[in-house]
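Each of the next two complexes has chain A plus one more chain, namely chain B in the first and chain C in the second.
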Partner chain A sequence: MTPPVAQGSIRRRLLLLLLLVSAAMAVLLYFVVQSVAQQVAQDSQDNILAASARSVMDGARSVEGSISVDLPYSALSMLDSVTDERVFYAVWLGPEFLTGYRDLPRPPLRDQSTMAFASREFLGEQVRIVSVGRPFAVHEGQVLVEVSVAQTLSGQRQTLTEISHMALAIGAGFFAISAILALLVARSTIRPLDLLTASVARRGPKDLRPVSAPVPHEMVPLVASLNTLMQRLEASLARSEDFIAEAAHRVRTPLAIVRTKAEIIQRSVTKAENRAALREMIHAIDDSSRTAGQLLDHAMVAFRLDNLAQETIDLSALVQDSVERLRPISEIKDITLMVTASDAATIKGDSILLQSALHNLLDNAVKYSPAGSRVEVALRCGDFGPRIDVRDTGAGFADLDLERLTGRFERGTNSSGIVGSGLGLTIAKDVIEAHGGQLRIGNNPKGGACASLLFPWS
Partner chain B sequence: MREFAFSLVLMLIAHCAAAFEIEDHRWFGADNASQTVTILSTADIRFFAPMIESFLATNPAVAVDYTVASSTEVMRAIHAERRPFDLVISSAMDLQTKLANDGFVQRHEPDGAHVMADWAVWNDMVFAFTQEAAAIVLSNKVFEDLAVPRSRQELIALLRENPDLFRGKVGTYDIRQSGLGYLFATQDTRASDTYWRLTEVMGGLDAKLYCCSSDMIDAVEDGTLAVAYNVLQSYAINRQDTGRFTVVLPSDFSTVMLRSVVIPNNAPTVEMARLFLDHMLGQAFGPTGNAALGQSALDQRNEASLHRIRLGPGLLVFLDQLKKRAFLQEWTNAILQP
Partner chain C sequence: MRFLLIEDNSALAAAVVDRLSLDGHVVDHAGDLETAKDYAATTEYDLILLDIMLPDGDGRSFLAHHRDKKTTTPVIVLTARSEVSDRISLLDLGADDYMVKPIDFAELEARCRAVLRRRGGGARNAIVLGKLEFNPASGTLKVDGTEIQLRTRELRLFEVFINAPEMVLSKPALVDRLFSYDEQVTENAIEVYVARLRKHLTGSGVSITTVRGLGYKLVHA
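Up next is the complex of A and B:
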């Protein structure tokens, strides 16, 4: 089976997307906090500047028709209360310069009673300037007194640096939390898929029941298709097993009749060459009927595996039983079939299936052993559970590829000339694996094959 | 070389004299020193010499060129004429602040070894290294039979009760000439109204006006004056050993001036300037700082009655042309009574 081609990962893609979004949000947050902070810092500086300019304006009064400005001490000292700032001011009476810094840029006033702000450079440093205006009555009529106050930005800069660091920390913290959440979200999103995968993977090879566990809405079509597929597969499997069993059954009865007839004829035939031909015929009929029998066995095994019984089985009795059943055949071939060890062991399982498995192994051993040799069966309780070894002194396995040998209708490369269907090892393997154990094959050091059924403790 | 350096100094002095007015000048250290710190200062040589000598003790390869001028002349030299000096030391905090505010001064990151008080630094440009109070100096001869006044109110009462005794024998700064006198006067008016009453009383007694503290102390010593108001306490204490006068810090409030130092933008040897400045701050705030600069006398006093002038742009207010003109007008009217 070719492994599925993996392209991308849902979890990784989800995680990446979430991380990208959180990174974008964190950067956005940083800039928003920064710009809000800048605005707030600017506003608060503007407020102080405006208060200062107004208090200078309050010191302006019209005395006998001319304007005098008495600069209040607090007007300038208030600008320096939190951080050390350089401070500049200028007072203009219409076009006439009254006092302060003559070169200080003045943001133009839109109308006479408003204030205007500007950021400029003055005397080597960036400053924030406010201008306020107020009309005064003098001899010549009305004149606009304009007060400009400016301040360096070290306090604002300091505040901004602090807030910028804070914004950076907030952004980073936000991103860290989002990353953790993204990880959790990705994991929890992918979890039903993992669960489904696990539940499908956990199934035995013959388990084709539909998936009944609840799945998220989005996965329902997938699971539905999967269930349909399995249903079809199961139906198709069942059909072919049924078909094979039916066919085998139908073939076996006529074969038995044909064999009986052939034997009767053989006895009445006197001509040697006809006798030989009939013997070959009977041989071929035996072969076919054994195959049919094993096919039936296999079908029976397949059926029973689906509903495995859990009865307590005495393994030594089972071994003894199987050996006794095969003894007539082995005696015909003059093969000594003997039980060399029989420890007490019980397991849970289906005795008919296990008997069939052991029978197939013994049958193989007897079949592939030359006349006059020995087949030994041993039941031992090792550290890992009971095991049944079947040893013969035949040719042994030509190759030890269990996968291939236990394939249906596969036969060993050195088995030509011997009657066999190639289903024996398949049945043994299916049965022992259904019981949680395993089939092991090998060759004895002194020649001959060894097949073992390894059971788990139950 | 020695002659050359000396003539150079003479030329410099001559050159400077052409513009701003020098009161005193001295060269400290070896004539052939590899580097020179040029200092323009309002502090008398006698007063500042210990600071220079302690600097030369650790930096023998450096010479100090020390020039003394009045605070107004210092302002003119730097602000108007842009003379190159490494350090400018002045008692006129307002003028020092204005130099810094108007961009004539460079910032300095003080050597972190000593912890400076908050009030002692402005904008990393102006560094205070002493705090000195304005005191009243009383002639012991005149006050033999009189109770020594402890506050301005008591002084006013005393002057009013004995006009004949004090006529022509009270003195104070001519604040039109002295930057420090102007600073003390303006800060006094911020603290209390008694300053104006006192000025009027002194004006009524034909007060004599002086350019500087030393002259006032001289006048008290030689008997010309009975009372000198707003004299630098540190100068007075330095000369108290003659036993001819008593120094009083008024108990209602004492205006405390911070003598400060700045590094002008056009300082010729900035590295030397920073080195010397750090030395000054070490002397003033470090653990080994000496008390020669008049700090110990202040420490014993109650902080509450100290009116320490705050460095900052508030000081610019009384430098405002209109404000200053109005203040001087009012003061002149009070002190110079027809």
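Up next is the complex of A and C:
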């Protein structure tokens, strides 16, 4: 069976997707926190700057057509209170510079009564500047007094860096928690699939019942088609078994009629050559029915080998059963079937197959032994595992080429005249090898064949 | 012996009935399960031969029905199916033995004997001839009350003779009864077994005499 091709993993894909999303969320969180913090910091600084500028402006008076500006102390001290920032200011009366830093940049006012903010560089430092304008009435008409107050940003930047570190930590924490959650989610999503796999894998080779355990909605189509497949498989197996049975029935019933009639006729025929012809006929019928039987057995064996059962088998009971089954047939030829040794041994395997294997060896032994002889069966537990030896006192194997003798329809060179299909040893070999053992054949020193089934310890 | 044959193929059934009556058995034939149950209920049989595939059901249901009635008549199942896979279920259901078609009648005879021996076949069929007492069901031969140990083939030869006392049996007829078809035998083999049997029968008042040119016959002096 070719292993299924694995392409990608749902668990991995799900995990990757969830991690990507949470990473994006963490980065977004970081930037949002940072930008909000910056906004808040700037707004509060702007408010203080604006308040300071306004209080400077409040110190400006128009007295009898001339402008005087009093710098209130509180106006600049409120800026000092935050940190040790540096503070600059400038007061302009129209285009005329009044006091403060002449070079302090002034953000342009859009109209006369509002204020404007700007971030600029001044004396080598980043500063935040606010300009406030207010028109005053003088002799010449109206003049715009403009107050600019600036403050350095180093303290604010430090606070922002701290906040940004915190935002980074929060983002990382968020990512870590999401990663753990993603792992759990991926696992719990895959879990029903794992459960289904386990419940199907646990089944025995013959268990073709539909899967009845509840599964998630999305898996219902999969399980439904799996069940349909198993149903079809079961039906097809049943059909092929029925077919084998039906085929056997069709072949054997007419053979049975012919054989029985031939035996009846044989009783009334006296002429020697007619009798010989009838014997040959019955012989041929036996031959073909045995071949049909062994072909079916061989098909059955091949089928069962594909899904080998693992029952616990008592080998000595198996030997007794097989011997008792064959005893009446051996008695027809006055052959004594003897169990000479029977150690206790159990193995794991398919009892029907092993019975078939042993039956074929015993059947061979009885078939090839002369009338009045004996066939010995021994079950022993050697160092290498249990073994069953079947010894007869027949002609023995003419050649000991196991490979050739266990080929399909191959028969020994000295087997002519004896009913056989050439499948017996093939079946025995296939069965024992499927159980991890081996078939051995040999000749006894005193004559006769010996066939052995060697089992591994299990 | 009295057999009940349950087999739906009438040609095969007729042939089997004919074949078994050649050996002196009485056979009733039932073609379906219903008839078979009627026969089995009214007549006592020595053995039932049961086909598995029947028109009105599976032979297994007859087995179950038969065992429920606690009768002791042994059942040999005739099956056409692959023998190994069917065997266990048949024996579990209470069949005494099973045979695969086509029926080898020598094998059938051997299996009947084995089954009846296992079930301790009664003495009701014992044949007594002078000092001889023979129980065909269990295959035991007694002379003056002492059992004589015979090998299977000697026993079967004796069975052929005692079922036809004073009748001349030819060598070919004896070969048919005694040897299976996959053995290569000559008629001389019969002489060997007759000689052995004569030795066992010494002093029993029963002997096997040679009828020159025709064969042998069992006589009671």
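FYI, the second predicted complex is superposed on the first by the 244 of 458 C-alpha atoms of A that agree within 3 Å, B and C clash if a C-alpha of one lies under 4 Å from a C-alpha of the other, contacts with A are read in each partner's own complex, and residues count from 1 in each chain.
In the analysis below, a contact is a pair of C-beta atoms (placed from the backbone, for glycine too) under 8 Å apart; a residue touches a chain by one contact, two chains touch by 3 or more.
In this text the structure is predicted, and so the values were computed from the model without any measurement.
Legend: residue contacts after superposition of the two complexes on their common chain; A:255 is shown touching chain C, with no touch to chain B. Looking at the shared chain after the overlay, A:88 reaches chain B, while chain C stays out of its contact range. Touch criterion met: A:300 reaches chain C, while chain B stays clear of it. By the touch criterion defined above, A:245 lies against chain C but remains apart from chain B after alignment on the C-alpha atoms of chain A. In the superposition on chain A, A:198 makes contact with neither chain B nor chain C.
Of the two partner chains, chain B is the only one touched by A:74; chain C is not. Within the superposed three-chain arrangement, the count of touched residues of chain A is higher for C, of the candidates chain B and chain C. When the two complexes are superposed on chain A, none of the residues of chain A touches both chain B and chain C.
Interface residues of chain C, counted against chain A in their complex, comprise 9, 11-12, 15-16, 18-19, 22, 53, 80-85, 87-88, 97, 100-107, 110-111, 113-114, 151-153, 170, 172-173, 176, 180-184. If you check the complex, the residues on chain A that touch chain B are 68-77, 79-80, 84-88, 91, 98-100, 123-125, 154. Interface of chain B with chain A (complex): residues 100-103, 121-124, 190, 310, 312-314, 316-318, 320-323, 326. Residue ranges on chain A touching chain C, taken from their complex, read 244-245, 248-249, 251-253, 255-261, 263-264, 266-267, 270, 272, 275, 279, 282-283, 285-286, 289, 293, 296-297, 300, 325, 327-329, 331-334, 351-353, 355-356, 359, 367, 371-372, 417-419.
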